[in-house]
Every structure is written in C-alpha cells, then in structure tokens.
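Reading through the structure tokens given below for one structure.
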Amino acid sequence: MKVNGNKITSLEGAVKTHVKDGCHLSIGGFTINRNPMAAVYEIIRQKTKNLHLYAHSNGQGADELIGAGAVSCLEIAYGGTGKFAATCIRFRKAVEEEKIQVEDYTNYQMTLRFLAGSMGVPFLPSRTSLGTDIIEKWGFAPEFRNQQPNIPNKKLVVLENPFDDWCDTKKIVLVPAINPDVTIIHVQKADYRGNCRIDGLTFADVEQAKAARTLIITCEELLDDDYLKNQPDRNQIPFIHADAVVHIPYGAYPTACYKYYDYDPVFLKQYAELAKNEEKYQSYLESIYNRKSHRELLDFVGRGRLEMIKADKNRGYAAKLDRR
Amino acid sequence: MKVNGNKITSLEGAVKTHVKDGCHLSIGGFTINRNPMAAVYEIIRQKTKNLHLYAHSNGQGADELIGAGAVSCLEIAYGGTGKFAATCIRFRKAVEEEKIQVEDYTNYQMTLRFLAGSMGVPFLPSRTSLGTDIIEKWGFAPEFRNQQPNIPNKKLVVLENPFDDWCDTKKIVLVPAINPDVTIIHVQKADYRGNCRIDGLTFADVEQAKAARTLIITCEELLDDDYLKNQPDRNQIPFIHADAVVHIPYGAYPTACYKYYDYDPVFLKQYAELAKNEEKYQSYLESIYNRKSHRELLDFVGRGRLEMIKADKNRGYAAKLDRR
Amino acid sequence: MDYTLKEMMAIVAAREIRNDDIVFCGTGISMLAAMAAKNINAPESVIFFETGAIDSKLEDLPLAVGDPRIMYQSSSNGGLLESFATMQNPFTGSHIVGILGAAQIDIYGNLNSTVIGDYHAPDVRFSGSGGACDVASFVSRSIIFMKQEKRKFKNKLDYLTSPGYLDGPEARKKAGLPEGGPVSVVTDMGMMAFDSESKKMFLKGYYPGITPEEILQNMEFEIDVTRAEEITPPSANELSLLREKCDPHRLIL
Amino acid sequence: MDYTLKEMMAIVAAREIRNDDIVFCGTGISMLAAMAAKNINAPESVIFFETGAIDSKLEDLPLAVGDPRIMYQSSSNGGLLESFATMQNPFTGSHIVGILGAAQIDIYGNLNSTVIGDYHAPDVRFSGSGGACDVASFVSRSIIFMKQEKRKFKNKLDYLTSPGYLDGPEARKKAGLPEGGPVSVVTDMGMMAFDSESKKMFLKGYYPGITPEEILQNMEFEIDVTRAEEITPPSANELSLLREKCDPHRLIL
C-alpha cells in the first residue's frame, strides 16, 4: 500500500507492474456480480502464468483465469455461476485433468482467512466444518506446503477451547490468514487516492482489499475526493490501503455492477456453451488476446446489449431484462 | 432476540422487562458520544442494582450508572470523557473505595470480545498487550470466575501460534467472547421492527448489539420500514437482532448524536464538578429519581441550551458552540 | 390439479418453513421454496442470503446468491462475514433454517458437493462447499433437496462436504459442532425425515403415484418406510401463488 | 518569540511526524500535535482515530476521540474494529505513528495509565488503557507526552499498561509483540529518545533555559545526557499556524 497521493494509472500498467508470474492473487466479487473482469481479461492478455489464486465464490472471474491457463494453484470455496453453470466449466475441467492444484475451504473460512490477513493475525476461529472432509482431506501435500514460504504449513488446525466450554464450545477450527500479493476489486466509485464506495453487497471485497500487500481498484466512476468525503459513512475502503486506481466503465462486464448494469445473460450462456468445447474455447481465448482493451469487448458486444442490461435507476438492476 | 413483528415499546417498560438486578449489561456509544443516556437515567430511576457492566470507552453513561450504585462488576477499557474528565470521577471513586470489582482490558480487546459474542465463537485473537499487566494482573479472582457460570474461567489466554510463525507471529492473545444479557444502544434512525441506521462512527455498537441476548434500541427518529429499506447499504443492524424499539428524541443527551445534536459542554462540566462532591452528587441523583422521564430533563435544561447544541445540517455538529 | 415435479418439491419444502424462521437459501429451487413459504404459508419468515442481504424485497427472482436482485430493498446489505456470523450467532442462529442441495447424501444426511471419485484425482468435480458446509454446521435445522437416484443416495460419500448427523447420535456434539442438523430431504419422489433417536433417515412421505418401494429402489441404502404417508399435492392456491408471485417468468420452474 | 510550554511540546512532537506517516492520536495535546504536523511540516500525513475515522477534515478541534467533529468529511467512518485492525495490519501498521500519554513511564518507555498503588486496592485509579496498549503493541513507532516529574519517571511502574521495550533489547520479540516501540518522549522540559542498542531512554534535547541536570532531578531513574542538545524553539511560522489553524479558540493551548 501507498499512504497518500495520486494513484490513478492505466489497467495495462497496473497489471504489468503488480501481477507477476507466480504471484498470489485474489479478486473481488461473487459468482456473477462485480468480478473485476476488465482486469481479468488484461491478465489473460498479458499471459501471466502460475498464479496462486484465492477465491471464495468468485465465479466468472476465477473460471476465465483458470480457462486461460493462468492459474496453477487455487484455494477456493465455490466454483459456480448460479443458473449459468452450477459448476464452472473450465474450473471443473482443470481439476479433473489435474492441471491445477486445489485446496477446498468453505465460504466462511475463506472470508475469515481474508479477514485474518486484514487484521494482522495468523488465524481466526469458527465452528464450521468440524467432522467433515474439509478438515480431513488436504489438497496441498504437507511437503508442498513446506516448500512454499508464502503459504501456511497447515490447511487448518482444530483446537480444544482453552476457555473450557465457554460459549458451549468444546472444539474450534482455526483457519490461517491470507495476505495476497495483489487483490483486485471493481467498485462503483473511487477517487484518485483510492477511497472506495461500494453500492449494494460488499461480499468479501473489503477484507480482500485490506489483506493485500498491493491493492488495485478498478471503478465505474472516478470522482473528486470531496464527493466521497461528503458521505464518509458509505466509503468502505479508505485510501491508505490502495496502490492503483483505474477508471474503467463496465469494468465488471459481463458480471453485474449494482446500480450501473446487470449481468449479461447472453454472454454468460454463450460462455458456458463454448467452455464445454476445447476448440471453441481456444478461439474464445484468441479473441481476448486480440483485443487491446476492455473497450473493444464492449464495442464488440454492442450498444444494444449494453442498453438492455442497464440498471433501472430505482432498482439497481435491469428489471425488464430477458434472463431465460 | 425476536425475529419479526412490531417491537415498539416504552422506555420504562423495556428497562423493567429486560434490565433486571444482577443482569449483564452493555451500553453503546463512546466517551461523550451516542451513549444511551435516556436509558441510563431510566435504569437509575428504577434503582436497578448489581449490574455486571461491559464497557469499552463508554464514558458518560458508564460513569452515571456507577455513580448511582447500579454497578457491582465492571469490565472496561477506558473510563474517561476526554477534556471533561480525563478519568471519569465516579468511576475513579468507586474503584478507589473498592465499591466495584474491575477487570481491565484494552479497547481493541473489548471490541473483539463483543465481536466474538456476535460471531458465536468463544474467543478471538490479537497481538495486543503481550508482556503487559493486562495479561499478568486479573481483576476477578479465579474463585470468583469459577463461581459465576456466566463469565469465562479465564481473563485471557496466551497461545503459541499453531501455524508456526505464519504472519511472523509466535504468540497470540485470545480474549473470551461476551454475550451480554442486554445491550442498549442509541441510534439516529430505526423502524418498528428494529432495523437501525447509525450516522457517523459506529464505535462498537454493531458488535455489542449483535452479541446480546436482548437488544434495546432507542432512536432519534422512528421511521417507516420502507424508508430504511430504500438505502439498505446504510443500515448496520438488521431487525432480526432487535427486541425493543423506543422512540426518544435527545435520547443521547447530554452526549452527542451526530447529525442531530452536539454534546452539551455546560452539562458535562457541571457534572464533572458535582461528581467530585458527595453531597452534591446525592442531590444530583435525587433529581434523576424525581424526574418521570427524559422529557423532564430536557425541559429542565431548556430550549435555549438545546438550540445551542443543535447540529449544523452540513457538519453534523454545532460548529458555533462555545466549548470552553 | 396439474403440477410439475419441481412445483411439488418447492411446495413440499415450503411447507416445512414456519413464521419466525429465518430462511437461508441458495440458488434455484431452494430460493423458490423460500419465496413460496413467504408468499404462502409463512409470511413472517425472513429470507436471507449468505452474500449478506436480509429480507430483500425480491420483486424479481434472483438467479444466483450474487444476483443484484437480492440487494434491492433489503433490510441491510452487508457481506459474507455478517451473514455467516448471523448463522453462528447463538441467538439468531437458533432461528435459522437452511435449504441445501448436493450431489450425494448418506443415511445421516451428510452431503457431498465436492467430488466424485478420489479427492486428489476426481472423476467429477463439483462446485465445492460454498456456504453449504457453514450452513450445515451452524443452523438449527436444514432442508435438503435431492434427486432420487441410487448414485446420489450413497452408503458412503466420496467426500463429506457438509455435516448432517455425521455417524449417528451424539456425533455432532463429539465433533464439536453446534446442535442442529438436517430435518427433511425433499426429492422428486417423496420426503424423508430423520429419526430423533437413531438420527437415521426414514421415509416420511411419497408423492401421489409413487410407492415407497420405488423410492427404495432409487437409493443405495435401506431406510424405514413404515411411517410413510402419501403427501398432499399442491393446492390450487399454493400453485397459483408459486407461479404468479414467485416465478412468473418461469426462470426456474 | 513568546510561546507557552504547551506550544513548545506540541511543536516538538509535530516535528517528529513525517509525510507518509499515518498518525494515530488521542485527545488533548496529542491531537494538537497531529494537527500541527499536518498544518506545518507534514501536509501529506494522515490523521486517524481509534474510533474509526480516517483523514477527517478537522475544521474544529475535537475534545475527545468520540467527538462528532472527527466524523465530518473523513475518508471513511468505521468503528473500533476497523481502526485497530488497521494498526495491526502489517501493511498499514508499518506506516502508523502513535501519540500517547501516561501517568508513569520507565526507562524502556513502558507506560502506566491504570493505577497508582496496588491494582486490587489502588491509591489512585486512572482511565485505563483505552486504545493505548493496542497502539503501543501494534504500531511501528510512538511518541509519548509526559510531564517531567519524579513520580512520573519511575524505576518501576505500578502497572504496565502499554508496552515500550519491556525489559530491554529483544524483549518485545520474546513476548510476541510486533516490532516497533517508542521513539520519543516529549516533556515540559525536553525530549528523550531511545538508544538503538540498549533500548534505554536517553536525553536528546532540552528546552532553552532548561539544563540536563534539571531534567535528571525530575526523574527517578538516571539517563544518558551526553547526546543532548538545546532544542530550537517554535518559529514564528510554526506558532502562528498552531494558534490560528489548529486551536483558534484556545480549547487546549
């Protein structure tokens, strides 16, 4: 993080500077909402490899990174995009073909792990998953863990409650903190120093942002400092955590951005289709490589479809959108 | 807590029903801000005794409860009201005269303890206070702890990091959860079911509210459900945690309520003066007993002074208030 | 009355929800069941999502728990931390009923939504726990949707993602889990419950036209069917509310 | 130039603050020092409060860290959880400088703000830690305000509320604390720093008109005074900015 000053930069520059091969990355959003897709496509375009990706339920973004072969290790709670793909298709293929190493946690555990990282503690406790294979089965072998200084030596630890049975609790699961090298989030509003305002649910974005060594913010609107400071209660991430701010409208497309646009069901359905077919997926990847910027994707999609997903002012999503 | 339905009630009724002798109580606010003072005076009026009070830096409210002899046990981080009393005077007297038992924690520890209670875990970790007397010296004797089923058996526990030195951490302090019988907070806006919107800093109110078995909310404005649901991002406490909602304008007076009124420096200075004098304090207490409601205090204070502390619309406090 | 199996399942699950329940729901039919309960038999119940929205207005059916439709006119928009804390919280958690689905289930209501085959070299990979294991760990009772198939009702799960009663009475307690556990399994042929003593699944009801034997044929393990009764199909009122109020655009039904 | 001791102390502390510091401050003179730094020598520094406000506009001087004046035009209004997490966070914490005060201090910069006398039957009770112990535990460096009195500079504290260097080099590490610790003690007679090897306090400077001997006479323990130099008094510019920008109504000065 960088304390103060102007952090505005280009997406290409931010990704080139911070998202290196082998870097430990986390991305914000949830399933089909507020994934930092422009940044995801830029990472794919720069052919970054061997990412260690931390995901809770970051559906579309995680699947596209995996599909592009950018990811070698994945710590994850859920790989799905709701109705569009109950299990993300490239994720599924990559695991079944043993192309990536996976460590499974629950959504709460992944969230607590980011929270622990943001709080500067090595672990946080919860009662989830006791008695299950989440505790029994480790995706990363102990030797692998020991070789890597930047992952903890254990998947998790079960501890006897040191306060006897305080809170009717005999045992508790400790999950280790995550401090990603880089977190990328897409928010509705930011200013030049990196103050962020997220509209609607924050998912685990705030914890992911504060846990990271380096935070890249992409935003729909880049506003004056004064604008955001007029309603500080609504700003979830203060600038002291931020390193790079990129203004990139439709930066979450094809996933949704509350109050701005809905997810694009046409894109997501087409993606799910072509993800099943190796050849089609390769030419889909080519289309990403061939684009110079997110703008070109939006031009390709066309004004008509962007108009269809435009959020109603009141509801924050496109009420009339045909989602069948 | 009560899931759904209309929870509006009178302050007298809410205190009578929920704040029993010997009950474990926590109150919201911080030093001279948003203490639930109307409720504090009602508790004093009802001559509730032997309260086990959990405070972080709840200055004025905690001091008045202690001054009235309502408190027998106190777990606290800080007893002060800033410029008005660097150490709260009745708190100081009560401890020096050994009239209350005190257990000292830090502000972060008290906050984590409420958070643990709200999360349903027996403890939370932090690196604070290692090597200090906060860890070495226990206010509550082990026998006392063992006699009381509703306090934990230990003040805190120092644990070796079970993830080796993950996060450069060798040892960590675990602080036990608090689940108060009752939490009382004063908020700017609430609805009949108990949805709450706090303007400005939340202090530890949200954690205190969610940790409690029973939550009493006093509010400046009682609004329609629809009003609060139109901006859900700004509502910190959803109704499912609430038991009682009391509409009581100036319910934090003489402490401040951001966007509504400032603290009253005249009251706070007079209070600090009379708190030093046993006789004067007794007649101050009599004045509380003699009032039937918070309204009568406001009438006594008078429109002129309330006008002086009225918050500027823009700033949220009274910029022209003479605070010398 | 004409109705589909999906409608039957949604209604059967909805009937299990009571006023004063806080309903955790996922996507698809589980969301539909929660909405059906709220619109039909439990108007005071509260729907909430693991993503952090409570009591959303739900004018339009969400297609994922990350759908922006759940953010509109909720009581509070938080995040994952708040929602799971609400489940684990002793006071709110005891009011929560979870609705879950899975790829495999065993006789104690344990669920697999992670892999088929070896965990390290799976034949089939599924989405993984998401919040399912958290819900199954924390909440006071849960309702499970399953397809009635032999490969799904298994003697032994390939991976235990979400805890039911683990290996029997007292097992949750011994493992350190809060009380709670599954109460109903709603399939496309009937509904199972769990014996209060043995914690084993038993057949509680079967749909009109289905026999207990057919259900047994579609399970790897044997369950008690002596307590089973035919389940009343959806009423006209239930169906019309389900169709018109919950999913008018037939996104799930 | 005419100036008061309080003004001298505020300016001396302010000079220790650099651009790119995030300054945690409490009430009274510590708030004033932070505001002075921002208005005079470290305009890019960021003030933040344990109550959760960061980078508040501070048009008017707050009289407590719970004062509503800190909520106006901040970058973010959170709560206690957020603020202390920011201090403990490895990336932000390393930029934070804390400003603290206390009733007693020892040669290693450990602080007492809890009691005089026996903890269980105190002669004098003070406010307690508040966030002081948290700040002293977490942040990379801290500045301490003290009155130069024998009863305050103690061989042994009656209660160790906030950790300095505990009992010497490596002690923080051994106890499990993050790196960091006090760097300056600003009194009404001069300023102490801490030896990088021994971690013991030494006299770094004395105010005009004060001798190192006078300072030693007002301490229970002995410190090295050989490195001490006279401290430059506040300049006209420093004083006018302090008086006009930071505390025009003389609430603290």
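First chain written, first letter: the chains are A, B, C and D, and each begins at residue 1.
Heads up, the rule we're going with is that a contact is a pair of C-beta atoms (placed from the backbone, for glycine too) under 8 Å apart; a residue touches a chain by one contact, two chains touch by 3 or more.
All of these numbers come straight from a predicted model, not from anything done at the bench.
**Student:** State which chains count as neighbours of chain A and simultaneously of chain C.
**Tutor:** Common neighbours, chain A/chain C: B.
**Student:** Would you say A-D or B-D is joined by more C-beta pairs in contact?
**Tutor:** B-D
**Student:** Between chain B and chain D, what is the separation of their C-alpha centroids in Å?
**Tutor:** 27
**Student:** Chain A to chain B: how many Å between their CA centres?
**Tutor:** Comparing mean C-alpha positions, chain B is 37 Å from chain A.
**Student:** Roughly how many whole angstrom separate the Cα centroids of chain A and chain D?
**Tutor:** The answer is 40 Å.
**Student:** Just how far, in Å, is the C-alpha centre of chain D from the one of chain C?
**Tutor:** 56
**Student:** So which bits of chain C are touching at least two other chains?
**Tutor:** Only 53, 71, 77, 88, 90, 138, 178 qualify.
**Student:** Listing for chain B: what residues touch at least two other chains?
**Tutor:** Where chain B meets two or more other chains at a single residue, that happens at 119-121, 126-127, 167, 169, 172, 179, 200, 233.
**Student:** Touch graph across the chains, line, ring, star, complete or other?
**Tutor:** other
**Student:** Which two-chain combinations touch?
**Tutor:** A-B, A-C, A-D, B-C, B-D
**Student:** Quick check on the complex: what are the chain B residues that touch chain A?
**Tutor:** Of all residues in chain B, those touching chain A are 116-117, 119-127, 152-154, 157, 159, 161-164, 166-167, 169, 172, 174, 176-177, 179, 199-200, 233-234.
**Student:** Give the list of chain C residues in touch with chain A in this complex.
**Tutor:** 27-28, 50-53, 59-60, 62-72, 77-81, 84, 88, 90, 110, 114, 119-134, 137-138, 159-163, 166, 171-173, 175-178, 249-252
**Student:** Can you tell me which positions in chain B touch chain C when the two form their complex?
**Tutor:** Against chain C, the touching part of chain B is residues 1, 3-5, 118-121, 179, 193, 195, 210, 212-213, 226, 228-230, 232-233, 235-241.
**Student:** If we count contacts the way the header does, which residues on chain A are in touch with chain C in the complex?
**Tutor:** 29-33, 56-57, 59, 76-84, 86-88, 91-92, 95-96, 98, 104-109, 111-112, 115, 126-134, 136-137, 139, 158, 167-172, 200-207, 256, 258, 262-263, 311, 315-317, 319, 323-324
**Student:** Note which residues of chain D are touching chain A in the complex, please.
**Tutor:** 19-22, 44-46, 53-55, 57, 71, 73-77, 85-86, 88-93, 95, 138, 178
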